[in-house]
Structure formats: structure tokens, C-alpha cells
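Right, I'll just put the structure down here and ask away after.
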Amino acid sequence: MLSHDIRSRLPQLRREFHRYPEPGWCEFRTTSRVVEELERLGVDRIAVGREALSTDHRMAVPDESELAFWHERARAAGAREDVLELTAAGHTGVVATLERGEGPTVGLRVDLDAISLQESDEPGHRPADEGFVSEHDGYMHACGHDAHLAIALGTIEAVKESDFSGTFRVFFQPAEEISGGGKPMTESGHVDDVDYLLGFHVGLDTPTGTIVAGVEKPLAMAHLTATFEGASAHAGKAPNEGANAMQAVATAIQNAYAIPRHADGMTRVNLGRIEGGIASNVIAEEITLHGEVRGETMALMEYARTELERVLYSAAEMHDCDVTPRVISESPRVDSDPRLRDLIGHVARNHDAVEEVVSTVEFGASEDATFLMEHVQGNSGLASYVIVGTDHPTNHHTPTFDVDERCLGIGVDVLTDAVVETGRRRPGA
Amino acid sequence: MLSHDIRSRLPQLRREFHRYPEPGWCEFRTTSRVVEELERLGVDRIAVGREALSTDHRMAVPDESELAFWHERARAAGAREDVLELTAAGHTGVVATLERGEGPTVGLRVDLDAISLQESDEPGHRPADEGFVSEHDGYMHACGHDAHLAIALGTIEAVKESDFSGTFRVFFQPAEEISGGGKPMTESGHVDDVDYLLGFHVGLDTPTGTIVAGVEKPLAMAHLTATFEGASAHAGKAPNEGANAMQAVATAIQNAYAIPRHADGMTRVNLGRIEGGIASNVIAEEITLHGEVRGETMALMEYARTELERVLYSAAEMHDCDVTPRVISESPRVDSDPRLRDLIGHVARNHDAVEEVVSTVEFGASEDATFLMEHVQGNSGLASYVIVGTDHPTNHHTPTFDVDERCLGIGVDVLTDAVVETGRRRPGA
Amino acid sequence: MLSHDIRSRLPQLRREFHRYPEPGWCEFRTTSRVVEELERLGVDRIAVGREALSTDHRMAVPDESELAFWHERARAAGAREDVLELTAAGHTGVVATLERGEGPTVGLRVDLDAISLQESDEPGHRPADEGFVSEHDGYMHACGHDAHLAIALGTIEAVKESDFSGTFRVFFQPAEEISGGGKPMTESGHVDDVDYLLGFHVGLDTPTGTIVAGVEKPLAMAHLTATFEGASAHAGKAPNEGANAMQAVATAIQNAYAIPRHADGMTRVNLGRIEGGIASNVIAEEITLHGEVRGETMALMEYARTELERVLYSAAEMHDCDVTPRVISESPRVDSDPRLRDLIGHVARNHDAVEEVVSTVEFGASEDATFLMEHVQGNSGLASYVIVGTDHPTNHHTPTFDVDERCLGIGVDVLTDAVVETGRRRPGA
Amino acid sequence: MLSHDIRSRLPQLRREFHRYPEPGWCEFRTTSRVVEELERLGVDRIAVGREALSTDHRMAVPDESELAFWHERARAAGAREDVLELTAAGHTGVVATLERGEGPTVGLRVDLDAISLQESDEPGHRPADEGFVSEHDGYMHACGHDAHLAIALGTIEAVKESDFSGTFRVFFQPAEEISGGGKPMTESGHVDDVDYLLGFHVGLDTPTGTIVAGVEKPLAMAHLTATFEGASAHAGKAPNEGANAMQAVATAIQNAYAIPRHADGMTRVNLGRIEGGIASNVIAEEITLHGEVRGETMALMEYARTELERVLYSAAEMHDCDVTPRVISESPRVDSDPRLRDLIGHVARNHDAVEEVVSTVEFGASEDATFLMEHVQGNSGLASYVIVGTDHPTNHHTPTFDVDERCLGIGVDVLTDAVVETGRRRPGA
């Protein structure tokens, strides 16, 4: 059972992280605070930034000026210089290891980043009412990663106090929202010896008191951008002299959404952002689309990607434009292992605060924790992605998203017990 | 014949205006400098800003913050406080009147604004080589309005020295590039008693030494914006829950360009700029299109606008979105009067520097001088829009646009003689 | 065990039906032959045509001239006058009942119609090689309904010879291919007292010797047509005077395929046939689309239909056309009951010719047997749709489709045993 | 002045041709009747069918079975065997020559074919009321070529009675509606020595009593067909396995109409007919489009054709289909010569029945008489295409089109006088 001390610190930790949201690959201040907490807790090894990642496998890294802006902002807010050095130029993240003798290696994966969204400061939004609303204008922890951080740190403390035997390693992964950090953390080597891996998320329409032992069918996904380049011309005097990127992009959008449904299962295509052209009287020379494809399997995602690329190329050709689709980031589909789900369901039922345990749900969305899960399963380990229920007044990724902080203690309880219980087993058992 | 003094000042004036380009409705510094020059020349009456415009008829006025930025910049550069006051909040422009006894009222219309374009600073671009490149980053006199200002001021000086009899009034009109200033200047009352109106433009593929006595068929035009508003949703989990502005906008673009050609003559449709949506994994909630329609006649332009609006509304409805097309600005089609063209052609041939006189050409583009011309012709006056040829190394609206400064003197010569000659006639003669 | 007599007649029966394929609602000759066979077998009651159907619930009935053509052709081929009278004007089909004392009412549903396809007469296509190729030019039993008829008649004979106790009723349903006959047969009253219902199909990529005890997830489906009506005009002289059905239909097609995927499961949209317009130099006045929507559930099918209708209406409106989408026919989704699947699987395993029994597969396609199944299940009965495996050299609905006639005996064996076995049970048991 | 005999026969001739409309290249009966009339009139030379055409230059010839159907129908109606032999397999048409001594060669071109349209038999439609409605179901002289034939025959008779000196040659050209006959008649050699060529058309919104001396700006035109070939698949089970011709064709249509307007002048694009696909539940494998492009000049028409072909190819590629656009027929733009227009206007004014003479109008449509005109002008001859006004109750190409038969006499009068007058001139004078 979680000590009173740990439990009481959780809301305070979560609220501090909530006030300082940082976007993917820019979690410099967050990383520094995590390192400070880990040192306070006294773990055995801490790998920071470059030590925790494979630089070459990073995806969707922002440009230098954005990285520099957040790096400087973190320094101004008092981030530690040693951490700033190790994380410079988009190398955020931490891997913390607790050595507890004989036993399996159990991993816990948690994500650090926030999203680009202006938080509400209206009355009725608790972070506003209680004074922990975002201080970074235009950015917000609107997906609950602040709660994840508090739960992960609480779980380390609780495992330390437990009779867990084995190695416990926590992966503080950057850039989940842009599917950028899962791959380089997986390729860092720190996941190689993990026997059991737990990922988790709060909320997702699961109410406080409910635990989903492990999700199925996170969708394989790829983010892409495509810039159409044509030729400008005077729209009144000589429209025929242009190569109209606007017409090319419209043709591409129309046909992208019409990529055929596939016999083998679910696919998704979306083009979510667009910008380009300079004025109403000029044939548009350059327009950029930001999109994604998903599939119930990697093969289905790749079907959608291949079809999308053909649509993009043909639409460009039709209007005498060029286009170069670029994959920005991607993540595979990996299902939670039923054996590990059984174990988690079993320990969850021991807690009074857990009113309902659901064995599994279909995830529907994508998650780059699947890179770590895939690696563990590939090495014959077991992995599961748990949902820790929390009531939330509005949807994830909205300006009034908030969590029920009772979920923090429940999360620590269930994850700690799962870690302890797996420590009693043999991998593959 | 133009005095040596006037002629020698023209390049210097043009280059000063070239260094300080200001966008439509933000020509605060330019207006101030024009007023200073007019006072130096000694005209009889100067109406500035609010005195020169009908406030309610202004179109395409930028938002307050942009107006304030340029207003402050002009103040910092030494613009006169009395002018700044009269022009505040988007009221740039001047009407200058020279009283010279009995005779008709002759108008000359000139435009003040520059465009949003980064000027080249590469060697070979004369403004860069000779030190008068734009000092306003991202803005440039790339359409020759700097030359227009020099010609207009030179013409006032030359008319003053001439034996012209009548009233000479010069309209320094703001916001031509965005078709915003022609209408409010026309509605100011200052055009009501004009018997003859001369508009003019340098270049337009007409070489130095050639004069086009008056253009035909400027296209009637309307600028529009349309913002599609749908509903966002998670592109992976529930694409069906969104109302996808991206699909609506693609349908609209495809069908807008496919608006049928019209039996009665030329039409144009263009959608030149687009932006919207927030991320690749979110169904786009809001996307804005910037477009225009043109026609050989007002009726044809209105045909295109009506059809475009139907396309926009139906595309929105198809995807459960809302859209509100808004007309930002517009301008009518008005042809130059053949009698006035004859007069201009006649006086132009008297100058050795004029190698060729063309009676008329089809204009192809749009011009809001047509508001003033329409008003004058409606009062039984005559109006013509003259092209003063100039070699230009690259196209209008490109970063290396420049004029051959020999055009300045030619412009003053021809326009002055046209003013003087019309002073000898009766309206409608 | 099937008597030698019955077994030996099956190929001959199937081949006779194969030679005279008739399209939906035109199975006049087929109905007549079925009646003759039933009389020969000696069943207790035979309801024919109007007696077997609810006239008002028929869907997708061809026009009078087509019905008259096939009616006359059947008469010329010797169809019985009493049958021709009862089936006139699109009332094909038979319900045959065998009374065998105490026990449940067991139904078997079989389909009569062929499709519009020219059968191959190339060597290597067995019907051509062995002289039973279609004698109705342009029509073919290319989906195996000829085999279904032989199996159903054989099963009646075998049940008659068995110790079955109860009532056995066979539904010879017309117009399955166009989803037109399931509903009116269901509404005829003959299904009301059925306790167990068996539907079946041969082939569907299931090889000879395999039995699928009952399919899941037949897709709910609706067929639609939509005629766009605009206004013609001379494409050269006055394209603007038309209301272009060609543009409307293109907009509709593009957007129909782009109807968003749904969170709740699989949907399908297809526009499979198009025709309209009169000449290349005339703006098209009228174009007709033939399409369908499907869904994993009725709600999903209706989602797709509602969205498709909005697309059609908006596309018409955009181009000043009218459109009236009409639903031609539809069928619900009904899954096979697991208890009945167990029974069927059990009896199937008793036959040596059955090499493999599969409990269930996802069906993927649509089937209007689901109307009967839905009705039976709604009355607390059990229903299952069985696949009787057969090798087939090419796909269903291709000119060289054929069945392995060993499937005929297997089908009679398994279905007869299933009927006999259900006769030993109580409904719902 | 036209003799009473000729004038009185014109309506009767026109009405006979009206009753037996034949489509392009199938004018077998019409050709036979023309030959009979020419023999009755007594011209000097008659070249029929193969003698009047260059076989290899024919365009848009129907398939053999259609040609055979009309050939047989003509034979059954009593067409002459010698004519049937010379016209077999799509070789209709006649060239008739009248030798009248010294002088220029003057040509008159007339067209023979009708269109595919069901004529109205409603009261109020004069051909119905007065018993000369079409006897060929589904075909109609709805463009006035029946009147043209009467006028041409009347003009031969009148020229014969006149004091014309020179050679008069009349080209009875087949297949004008499908732009198929102008080219092969031009390439036959019979046009080589023509000094003056007159083409003509009745109606075209020009009222009875008005003559247009010669049209300008017939549009250059090309007819095309394009068949998209993809791959079929089951729309429910495996939509991804198809290559959907329906999606390809919709993309092509959308983008074809959106081909940019051209700076140099008018262009037209139309896709007027479409058909393909087999059923609503099958991904469409093959769909055919029938379209056309036009331009104010040949270069503009070719711009539109090139762009259309790129759209077709890219749309096919986008959906993994093949497409082969084929040009079926085409015609150039040729303007009427102003000198010949003056002559025609001059003679027209001499007739009381001619109330108004218009020098020229813009034609807007296309006409393959331009092949003959182009050839004559290329040899330094003069050519003009005259409009003989007639009131017509409804538009050309509609089921209630009719002419005011007063136009027949006017046409003969004006054309005869024009022929006689040109006989008095030297070519090029």
C-alpha cells in the first residue's frame, strides 16, 4: 500500500509539471526537474538526454531556432546546466534504473511532452481556479502527461519501498505527441534487457476507478508532409502560364480521402493542416499539406501510405507541379500481451479504489510506446499498455481538459503492484 | 518643355519613395512626404487623409495592430504630426488642387502603396547597387508607384509653370494594390466636378519611349475571403465525428476553377492563398481561402462571383461546415474614352523622346482608378488611363523589378501637355 | 445416409438449371421446373408466386417489358400455365412444406436467380465441354444457385426418407442477386412459425470437403440509384447556360468515396455504374449513377447512406441540378446463431466427405437471406447461414465459374442431418 | 429573279428530306435522292461517294453494323443500286459540276446529315401537323440540313437559268454534325481549283429576312473519346483489389473543366457523354468519356487538348488505370473573307425579302466547312460562310425545331446572285 507521504505529494508534482508545458524535443525544463526528483529519490543510475537516446533515430525534431528558444527559456527558469548540456539540440528524456537484486528487468514508460494549445483561463477550469494554469502561452498539458510524470515518480518511490526483487527501469520518453521519441529511446540499448514493459495513459474516456489492463489495436501510423511546388502567374492576365499548386493540392485532398477501404481491416487517412500561396491575384506557387495514415496493421498502414503517395504524385503531375512527400515520424501497431493483462487485472482488483477492471479495449489511436513494446516482445518479453481511468470534464486536446487527481494514487498503486508481481515471475511464464 | 530643375529632381524623388515602401492604408510616411512636397511647390488647396476620403467607403483596411505599427514607424521616421493625425486609423491619401482661372477641371490620379515582397539585394539590381533598396524589410515598391509619385509631383510643378487655364487636381490615392482606395476617394466629393481625368501607369511590358494613349478592358474584379468552419475530431479514433473543413475546401477549389466559361466574354477565378487546420492527426476545423473573380464586364464578374458563392456554400453544406464568403474589395471595368485618347496621342507625338504612340491596348488586369473614371464619365466627363512605357528588367511584382528612370521625364512631359491641352477644350468636345 | 438414387440425380438437376439461367423476378421457367419436381417428390403443400410472397414488399422489380420477355420465353420453353399465371408480373418463387408430425418447424432457404453475364464457351470450361452451357445469351448461373436448387430438392427427398419429425419448409426465394426477394418472402407469413432456419451457399473460396457451420458479419446493404437532372446547352456557344450534370456527378463521385471511415466499424461505398449525356458538344442534362452502401451494422450502413445522400444533394445543388436518390433494395446484417452452428458442426463431422468443419467466418458480402434470419431470430428461433465448400476454378461472377459437383451430395447430407437433428430439439434449446 | 417553278418546289423538297433523316456517313437514301434531282436538273458532271471523297481522310465513321443497317434501309426504300454501290461502307456525298464557259470556279458547300434525336409529334409542331415528321424513329433533321438541301438544289437550277459565266460546283458533304466529312471532301481534289467558296447555314438565331454576309470566329475544335480501363473487384469484400475507373473518371472530369483560361483568348472544354461499369456492387472496370475541346485559334484548341490529355493520363495513373484518349474528328478555325462578305452583302440588299444585312457575327460554334474554306484561302481564293436567317420556334437540336420556309427562296435568291456576281470577277480582286 502506498505510503501517505508519496500519495500526498502527487497532486503537487502534477500541478508543477502542468504549469510548465513544453513541446516535443523541447522538454528541457521538464527533464531537469525529473532528474532533480530522481536524485532526491535516490535511484541507482540516471541516463540523461544523449545518454538515453540514439541521436540518429530521432524523428520530427523541430528546427534549431525553436529548440534554442525553449533551451534558453529552461535555462532562464533555473534548469540545471549539466542537464541542459546533455539535452542540447533536441536530446530530452531520461532513463532511470533501480537495482533490487535478483529478478527480471521490469520497464515503465512515461511521456514528457505537452501540445500547442492555449489553455483556458475561464472560471470553472480548475487549473485556472486553483492557480496552476499553464505559464507558457500557447502550450498546455492537455493530454495528461503531467499526471503521467507524477505517477511515474510516485511509482519509483513506491517500488523502492516495496519488496520488489529485480531491476526496475523507467523510460521518461520525449516527443510522444509527434511520434518522435519512441524509436530513438528503443534504439538506445536501454530496452534490450527488459523482460516486462508497462506503458500507461490516464483517461481516454475511461472514468476514475476503472483500469483497462491492456489495450489492443493501437493503429500503426505515419505522419507525412508534402509540399507542392508549381509556378506563379498573374491570375488575371495569364492564368495559363502558372502551374497551379492550389489545383494540385485540391485534387490530392479529394483523392486522398477516397483511398479505398481495405479488405483486411481498418485504415485511416487525414490531411489536417494546409498553408500556402501568397495573394488572391497570384496563381499559387507553393502549398504544404500535413497529413497522416494509419492502419490496423503495419501492412495496412503501408497500403494507405503507398496509395497516398501515388495520389500526391499524380495530382502534382496533373498540374505540372512537383511534390516530395516526406515521412516525418511513424509508429508500429503492437497489442498488449494477454498474459500480462491477466496479471495486471489481478493486482488491480486488490484495490478498493478500483471499481472496475476491463481486460482490454480497442485503442483506435496511435502511440509510439509501441516501439518499446515491439522491441520487448521481439525479445520474448511481455508488454502491456494500461489505461488508468480518470474523469475528465472535456476531451483530451481541448483547452479545458483536466484530470481527476484521485487517478494519481490509483495509478501508482496498480503500477507498483504490477511491477512487484512481475518481479515474482519468470519472463514468458 | 519641362524645366531642367524639375527633370533633375525626378530620379531623386522616386528613389526616396522607393526606400520607404508602405502597404495599402499604411502610407503614413508617404502621405507626409507628399504633403511636404506640395507645400514646397505651393498648390492652392491640400486635403489630407480624412479630408480626402469617404471613411465608410474604404475597403480592405488592415486590422488595428497593423495600422498602428506603420503609424508608429512613420512617426519614428519624422512624419509630420498634423498629417499623422489626419491619416490615423487607415486614412492615408491626399487631394491637391491648383487654381488657374477659367477653364475645365482636369484630374490626375496617382497611387501610393507598395506590396508585401522582399526586395532583392543582389548585385545587378540597381536599387541595391546604387543604395536605394527598400529599408522596410519584406515590403517593396515592385509595381512602380514610386515612379508614379515622382511623375505626379513633377507634373504639378510643370503645370504650374505652364500657361494652363482651369483647375488642376491631383488624387494621391492609397491602397490601389488591394483595390481599397479608389472607391472612398471617388465618394469624397473631390471627383464630382472633374471634367477630364487622367490615370496612368508605368511599364506593363510597354518599353521606354512608347506611350499607350488609353487602355481598354481593365477587368472588373472582386477580392473575397471564405472561412470554412467545421468541427474537429480525432483523425484516428473517430474521423466520422468531425465536419472536415479540409474536404469542404478541396471540393470548393476543384469546382471553383471549373465554373463554366461564359458566352459573353472573359471571366477569371482564382484562389491564391489558403491556410488552416492545426495538426495532421486532427480533422481540420477551420480553413480560410483567399480568392478573386474577374470579368470583362461587371455582369461577367458578377456571374463568376455568384457561381463561386454557390460553389462555396454547397461545398460547405456537403461536409456539414459553415462558410461565409466576404467581398473584401472590388473595382469596375471602365474603358478609356477614344476622344481623350486621341488628344493624348496627339500631344505625345510632339516629344522626341516618344518613339511610338499606341492608341489603345487591352489591359487584362484590374485597377481601381476605374472608380474615379466611372464617376467622371457618369458626369459626362472624359477619362483615359495612360501607359507611360518603361523598360523593366523583370516582371512587375518580382524582387528585381526596376524602372528605366528616363520614363519619369517622359511621363511628366506627356501628362503636362495633356493637362494643358484639355484646358483649351470644353468638356465633351 | 443419402440413397443412391437421390445422389445420382443431383448433377443432372444442377446441369438442367445451369442451362436456363433467369434473372431476378424473371425465374418463371425455374419456378415451373421446381414445382414439377416438388410434385414428383410429393410434398404436402406448395405455395407458388403470389401465394409465396407479399407483393408490396418486393424490391428491385424489373420493368414490365423485361418481365414480359422472360414470361413469354418460359411459356415458349414449356413452362406450366398454372405456374405462369401465379408468377406473372414478377411473382416468382415457391414455398414447399413437408408435414412430418410432432416437432419444430425447420426452414431451408434457397435462391433461384442467375446474373447478367455471358458464359464462356471456351474449351476447358466444363459446362461448355460437357454440353450444359447457358442457352440464354448474356445470362449465366455464375454464383452457384443452380447447385443450390439441386441441393434443396435433394434435401427434401432425403428428409422425406429420414425419420425427421416436425415440419420442414423450403423457401425457393427469387431475386437474391438484386436483394429483392428476401423481404417479400419474409413478409408472406410463411416464415412466422419457423423455429430453425438454415440458409446456405456453395463455394465462396471454401474448398470441397469443408463446411462453415455459420457465417458472421454479412454486411447490411442498400442499393441506390441517383439521376442528376440539369439543363443542356451548347458546349461551344453558351456553356454557362447549362446546368451540367457531368460536373455534378463528378463532384458526387469524388466525395462519395471520401465519406469518412467510421469509428464503430467497417463501411463501404461504391458507385459501380454510370451512364448519361448525349453528345460531346452538349452540356450533359441527365446522368444516372448506380451505387451501394454497406456497413458492419445497420447503423453503419445507414450512416453511409445518409452521408451519401448529403453528398448527392449538395453536388446537385452546386451545379444547379436536381437529384433524387432512390433505394432500390436493401438487406440487414444478421449473424448465425452459435448454438445452431454447434449443431451443424456436430452433424457435419459425421460425414467422411467432410474433411474440415469451420465454426464461423466473416462473410464480408451481403445476402438477403438475412431478412428471413432476422425474422426467425426475432421470434426467438435460431438461424444459421452455412457454407458448403466447393472448389471453383475461377471467382464467383466470372464467365468461367463452375462448381465441383461433389459438393451437391455433401450439401444434401449435411443439411439433411441438420434438419433431422434440429427436429429432435426444442426451439431455443 | 427566281422562276416561279423553282420557288414552288422548294418546300416540297425540304419536306421530303425532312421525313427521311439519316446520320453522318449513313446518308445513303439522301445521296441517292440528290443524284436523281441532279440528273433531272441536268448538270455536267456528278461525282458520287468514293468519287467525291478521299477515303483515308474520313473521320468519325460509324461501325460496320450501323453502316449496314442504314445501307439496307436505303435499299428497301428504293435507293438506286449504282449509288448504293458507290456509297457503300460510309462513302456518302456528291460533288456536282455545272460548266458555263469562261470564268472563275465558284463552289457552294451544303451538308446532308441529321442527328440522333426523337422528333416531337405533338400538335403545334408543324412537321407533325402537316404530315412530314421524321419516319426514322430516333433521328431528326433538327439543324436545318433538309432546308440546306432544298436551297442547294434550287440554287443549281437558278444558276443554270442565269447568265453566270464560269464553273459552278456544289459540294454535298456528309457527316457535318460529327465533323467527319469536311476533311475527306477537301482532300478529294474537287476543291483544288475553286476560286470562290460559299458555305451557308439557316437560322442560328438570325430571323427570317436577315442575311449575315459571312461569319467570323468559328471555333477550332476536336472531338475525343477516352476509355478508362481499370480492374473490377467486389465492392463489399475487397474494394482495395480493384483499380477503380469510376474514381479515375471523376477526377478527370473535375480537372478537365478546371483547365485554366488562356491569356490569348477563348477556350472550351466539355465532356458530354459517359457510360460504363456493370453493377452497383462491382468496382467499375471500364468507363468511356466523350468530349471536345475548342479554341478561338488552332493554338488555343491545341492548348486545351494537350491539357486535357495530361488530366486524363494523370487521373488514370492516380487510380492505377489505363486510358487512351483518341481524337475522333476535328475542324480548324477559318474566318469569312471581308471582300467576299462585301459582295454578298451587296447582292443581298437587292432583294425586297431581305430586310437586314449584317456584315459579320462571331460564330461561337464549330463547322467543318472550314476545311474547304481553309483550302480555298490557302490557294489565294476567297471564302465566306453565310447565314440565311429563318425564324425557328425552338433552338437547333431540339425535338420541335422547325424553319420558316420563306427562308428557302431567300437563300436561293441570295446565293444565286452571289454566284453570278463572283462569276463577273477575277479571283483575289
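As written, the chain order gives the labels A, B, C and D, with residue 1 at the start of each chain.
FYI, a residue touches a chain if its C-beta (ideal position, glycine included) is under 8 Å from a C-beta of that chain, and two chains touch if they have at least 3 such contacts.
The model shown is predicted, which means the values in this text are computed figures rather than measured ones.
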Winner on C-beta contact pairs when A-D is weighed against C-D: C-D
Longest centre-to-centre distance from chain B, chain (CA-based): C
Rounded Å distance between chain B and chain D, as computed from the means of their C-alpha atoms: 49
Distance between chain centroids, defined by C-alpha means - chain A, chain D (Å): 69
Whole-Å gap separating chain C and chain D, where each centre is the average of the chain's CA atoms: 50
Shared-contact residues (touching 2 or more other chains) in chain B: 237-239, 244, 247, 251, 254-255, 257-258, 260-261, 263, 268, 364
Chain A contact footprint on chain B (complex, rising order): 116, 219, 221, 223-224, 234-239, 244, 246-247, 249-251, 253-254, 257, 268, 270-284, 287, 290-292, 294, 364-366, 397
Residue ranges of chain D in contact with chain B within the complex: 254-255, 257-258, 260-261, 263, 266-268, 364
Chain C partner contacts - residues on chain B that touch it in the complex: 237-242, 244, 247, 251, 254-255, 258, 260-263, 303, 310-311, 314-315, 317-320
